[in-house]
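Please find the structures below.
Look at the two complexes coming up: chain A is in both, with chain B in one and chain C in the other.
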Partner chain A sequence: MATNVSAHEHHYHPPGLQHQFEDMGQQQESASIGMWMFLAQEIMFFGGLFTAYLVFRAKFPMAFAAGSNHLDIYWGTGNTVVLIVSSLTMALAVHYAQLGKRMAQVLCIILTMILGATFLGVKAVEYTAKYNEGIVPVTGLNRRTPAGEAQAPVETAGEHKTGATEHAYHNPKGEFQWTDASLAKKAEDAGYLTSAEKAGYYANGVLDANKFRDKVRIFYWIYFAMTGLHALHMIVGLGLMAWLLWKAWLGTYTADYYSPVEMSGLYWHFVDIVWIFLFPLLYLLGRHFGGGH
Partner chain B sequence: MADHDKHDEHGHGEHHIVPIPLYLMVFGILMVGTILTVGAAVVDLDHIFPGANTLVALLIATIKMTFVMLYFMHVKYSPKLIGLSIVGTFLFLAIMFAFTMQDYLTRSIGNFSN
Partner chain C sequence: MQNIDAINSEIIERPAVNYLNNGYSLKSWLLTRDHKRIAMLYLASVSFFFMLGGIFAGLIRLELLTPQSDLLESASYNKVFTAHGVIMVFLFLIPAIPATLGNFLIPLMIGAKDLAFPRINLLSWYLYMSGAAVAAYALLQGGVDTGWTFYAPYSTTFSNGYVVATGLGAFIIGFSSILTGLNFIVTVHTMRAPGMTWFRLPLFVWAHYATSLIMILGTPVVAITILLLALERLAKVGIFDPAIGGDPILFQHLFWFYSHPAVYIMILPSMGVISELIANFSRKRIFGYEFVAFSSIAIAVIGFIVWGHHLFVSGQSIYAGLVFSFLTMVVAIPSAVKTFNWTATLYKGSISWDTPMLYALGFLGLFLVGGLTGLFLGTAGLDIHLSDTYFIVAHFHYIMVGGTVMGYLGGIHFWWSKMTGREYSEFWGKVSAMVVFIGFNLLFFPQFILGYMGMPRRYASYPEELQVLNIFSTAGASVLGVGFIMPVFYLVHSLFFGKKAADNPWLLPGLEWRTASPPITENFESTPIVTWEAYEFGEESGLHTEEARRTTLAPTA
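For the complex of A and B:
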């Protein structure tokens, strides 16, 4: 019988096993618990924004519905499909890594990257459209009208609201050019404005387009913060994929060692789950009121 | 000393490989869920009770999330500890929502409103 030392020296060591772990299984389990702890804090991190959404939507539901109806439902649905397909290709990448199939793995990672980039591209198109309409909060501040002229457009906008002339509307603050208060009017006529909403939308006892605009602006703040943070996660995910692609191409991942693929997969699926909730909450919440753009 | 050369049957090692047809099935469920979400959103369910549209949307989203977690993220084949962590996280999320809303929703009650 050999001594313990020599027994250890001859002991088979899988190439990917770090010395602090007993075996590959334990290493794998530790990695996935660590990853899940990270995802748990990510859930709480996004949870803060969901809480903000909950608070303001509960207070100003019609302003949220109006803002939501203005988002493009086709781009939104398309992006949801793109992200779900990317989740499938990511799951398949993990599957092929588990089987140690190098080329299939590389192909799935490339597909995932293409789909992720497509998602970001669509997001960019949507953001650009909103920017051009002047309804991205803050970004219009550089277009602030000079102090002397600031008053005039507001006055005419108020007068021409019911008139036939199409006068260019300017928010006196120079940003967030939103004029449409029709949904609030509709809700007022139907009698479902709550007292909190009335306090938010009314000036001197009547519905005020400017006050309504400011509440829609809250929706767009939340929209850009949430989808922006989500897009940032997508960009980080693409970075991870690029790294994975390189390592997978080198043939690093085998049936014995594929933790990095699986952990990146967990991250990618998490980002997909966030979108699964963002999509109905941001794009679809007021569609049944009709009158979308 | 325990023999480390052999695969430990009671250890952590069992890697479950999810078959591709199961992945495709979950994918199908997610696509159907997406179509249902959009379909349900344009129908006025709020006449049944206020907030029905939102409830249906969140219900579908939760079902979709459950499938992604169980199969794509392998929670079904993972140690119970991971499942417990997830449930715990959502519990804390629920606490955050509930404690925030019990404040905001009751602000118009009493002498504090304006």
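For the complex of A and C:
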């Protein structure tokens, strides 16, 4: 009788159940709603940037087309594929965690990490190209070339369409360099320029290369802000993966307790989806206008 | 009523160990995961910043005692009103009720052991303190002169203040607010005790649920905006300064997309407190429970689409102005629903005039004035005359101080015995509620007239003919200051010398009153089973016989 009572009082306490919850179901549901709320918050966080993109794209479409044309569509497409595949391996990791298959989980998490790191590596290559070409929007963050040491700019896979090739690269202060206003000229000739664009690109009634450059610089500011923030989320994601890998290796996740894998998976998919929006907005839209393809 | 004392003296022997005395070390406080202790940490820090912000308010009123700019020259005056705004908005008003009373009471009210994520709850307090430290650093380095609104391009390009550090502080505090909201939403969804259905939730919980929605969906927008602003100031390139092709109106849109709903983050929890006070001190089920509950949600939803009324004179399109003006009228409806329902609850109620109720009734009057003058300002045409005058200052102080602070103080008095297990002096409580009400009106009512006469806000000097009203206002500030300081003394006094409080001194049906004062760390001896409706004072509440009480409290195993 006494043993019965004590067994009743100290009812089964599953590993991983925290003190504030009654049972694993409640804990699982809380984690799930919590993660979705966090992602809602993330959507609004990126939402501010998407709004800025929308406003300036609507205001200066030609400057955005010019900037977009200069992004490397091949690296961008490749990276999109890499990220989508990483979402697959992540989903598989959750699947194997639910089945309690330890080594399959570990393998999928490692694959996800490799793909995530590949994405960041490609992003680094793209950023470096922008640094070398002098189109990072912040003064001082571009490659500095003192006078007299002029070099030809680095070509990026077949996508170099600015007038920068026409003259030597000379950038002692590491400023944002953009001399090509041909797209705006083309739009002007075709009568496509809106009044807002004219107000933005014209000085004394004529198209002004410096004023156009400032608007292209806004495109690159938004490009770096959006992809930079996205890359930061990728780095956090890799940190999560490293932690998961360790726990999965120890065999923590079983059919009864796999919530952390599932939640990290949700986060990873979210970061993937943000890129699925960033890629067409930054790399694809507007390319057809004067893009030469 | 005759059996209240009898019941209170008899109920369950008070447990020897409660959440306050189960550990006295610093570590037991700083690393606690108990929502009640975290609430007390917040209570102390939030009240501290309220006093600090109040000192800056005092400096503003002292400067405005005379028409000349004499106590403070203009540049210092700019920094003082910015410090007042930043501290009061980010460090006091937004976390005030949710992080203290909400944190303490939501798990108790729904019959849970804790919030869903206790560690995240503690993290939110550390984020709050870190953000406060960064903002304090900016203040000590020399402060900011942009106003709490950080309008570009002044903030990005011209200001000499510590905009980046202050912005970083606000950014960090924002995430503390997001985490609090996230925790509340999940807790209300998954942690309710058996029988505690959505429509049995106290309205305090509904109000906090609505508030949390705004915290989660609004705060990240201002976070990214402030981040972009800081980056623009550092990098000297960006999207807000018109000199380099940016759009300053975009900043205002993004800023107010959060900062208008933020007003509802401040007022909704206070409305939740008032719903509790009015129903409980009228000993009556609240009139139109569902309407009051859903009006909170309606305010949260509609509140997201009215931000443009801050931009009537900023160069936003006139058609946008028209739409925002209309929507502003629409958001007044759910607030009016609440006010009418509170009044209808009082009707034929058996009203008692305890200190918390005095604060609640004060709230009703002040919020009415604040809300109705909001309609003046929401009318696009009239707003052109009143924009950036003291009329605005008076209006939002009637909402922020008359609404939020009255609710904060009313709530602290109401639940003080639950939080600390001690009784404060009812006499001094009543005196302070009256002094606050009188001081507040003396301080802010003249500002409506000053604003209507054209006195602009944010200036250190003004024409001599406006001095009389300004003297009234400054005198009111002194009275209000006294009213705010009094509770500090008698509440702290009660901690050490106050009479031990009963578990349920007013014999109220809420779950938080059916556990010990102060509660044990796990909140309830066993998970309660709820069989009564919210604000149920009849037989079903099980309050009227001691036996029934014991049944409700019996272990459910």
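We adopt the following convention: the second predicted complex is superposed on the first by the 245 of 293 C-alpha atoms of A that agree within 3 Å, B and C clash if a C-alpha of one lies under 4 Å from a C-alpha of the other, contacts with A are read in each partner's own complex, and residues count from 1 in each chain.
In the analysis below, a contact is a pair of C-beta atoms (placed from the backbone, for glycine too) under 8 Å apart; a residue touches a chain by one contact, two chains touch by 3 or more.
Computed from a predicted structure; not experimentally measured.
Once chain A of one complex is fitted onto chain A of the other, the partner contacts of A:272 are limited to chain B, with no touch recorded for chain C. By the touch criterion stated above, A:81 is placed in contact with chain B alone, chain C being left untouched.
Once the two complexes are overlaid on the shared chain, A:54 sits against chain B while remaining clear of chain C. With both structures placed on the common chain, the touch criterion links A:40 to chain B and to chain C. Contacts of A:215 after superposition: chain C is touched, whereas chain B is not reached. Set side by side, chain B and chain C differ in how many residues of chain A they touch, and the one touching more is B.
In the superposed model, A:236 makes contact with neither chain B nor chain C.
Using the contact criterion defined above for the overlaid structures, shared-chain residue A:250 touches neither chain B nor chain C, since it reaches no partner.
Residue contacts after overlaying the shared chain place A:281 against chain B, while chain C stays out of touching range. Of the two partner chains, chain C is the only one touched by A:20; chain B is not. Residue overlap on chain A between the chain B contacts of one complex and the chain C contacts of the other covers 22, 26, 29, 33, 37, 40, 44, 47-48, 51, 55, 59. Residues 1, 4-5, 8, 11-15, 17-18, 20, 23-24, 27, 30-31, 34, 37-38, 41-46, 53-54, 57-58, 60-61, 64-65, 68-69, 71-74, 78-79, 81-82, 85-86, 88-90, 92-93, 96-97, 100-101, 104-105, 108, 114 of chain B are the ones that touch chain A when the two sit in their complex.
Taken together, the chain C residues at the contact with chain A in this complex read 112-118, 178, 181-183, 185-187, 189-191, 216-221, 223-225, 228, 231, 235-239, 244-247, 250, 253-254, 527, 557.
Listed in rising order, the residues of chain A touching chain B in the complex are 4, 7, 11-12, 22-26, 28-29, 32-33, 36-37, 40, 43-44, 47-48, 50-51, 54-55, 58-59, 73, 77, 80-81, 84-85, 87-88, 90-92, 95, 98-99, 195-196, 199, 262, 265-266, 269-270, 272-273, 276-277, 279-281, 284-285, 287-289.
Contact residues of chain A toward chain C in the complex are 8, 18-22, 26, 29-30, 33-34, 37-38, 40-42, 44-49, 51-52, 55-56, 59-60, 137-139, 176, 200, 211, 214-215, 217-218, 221-222, 225.
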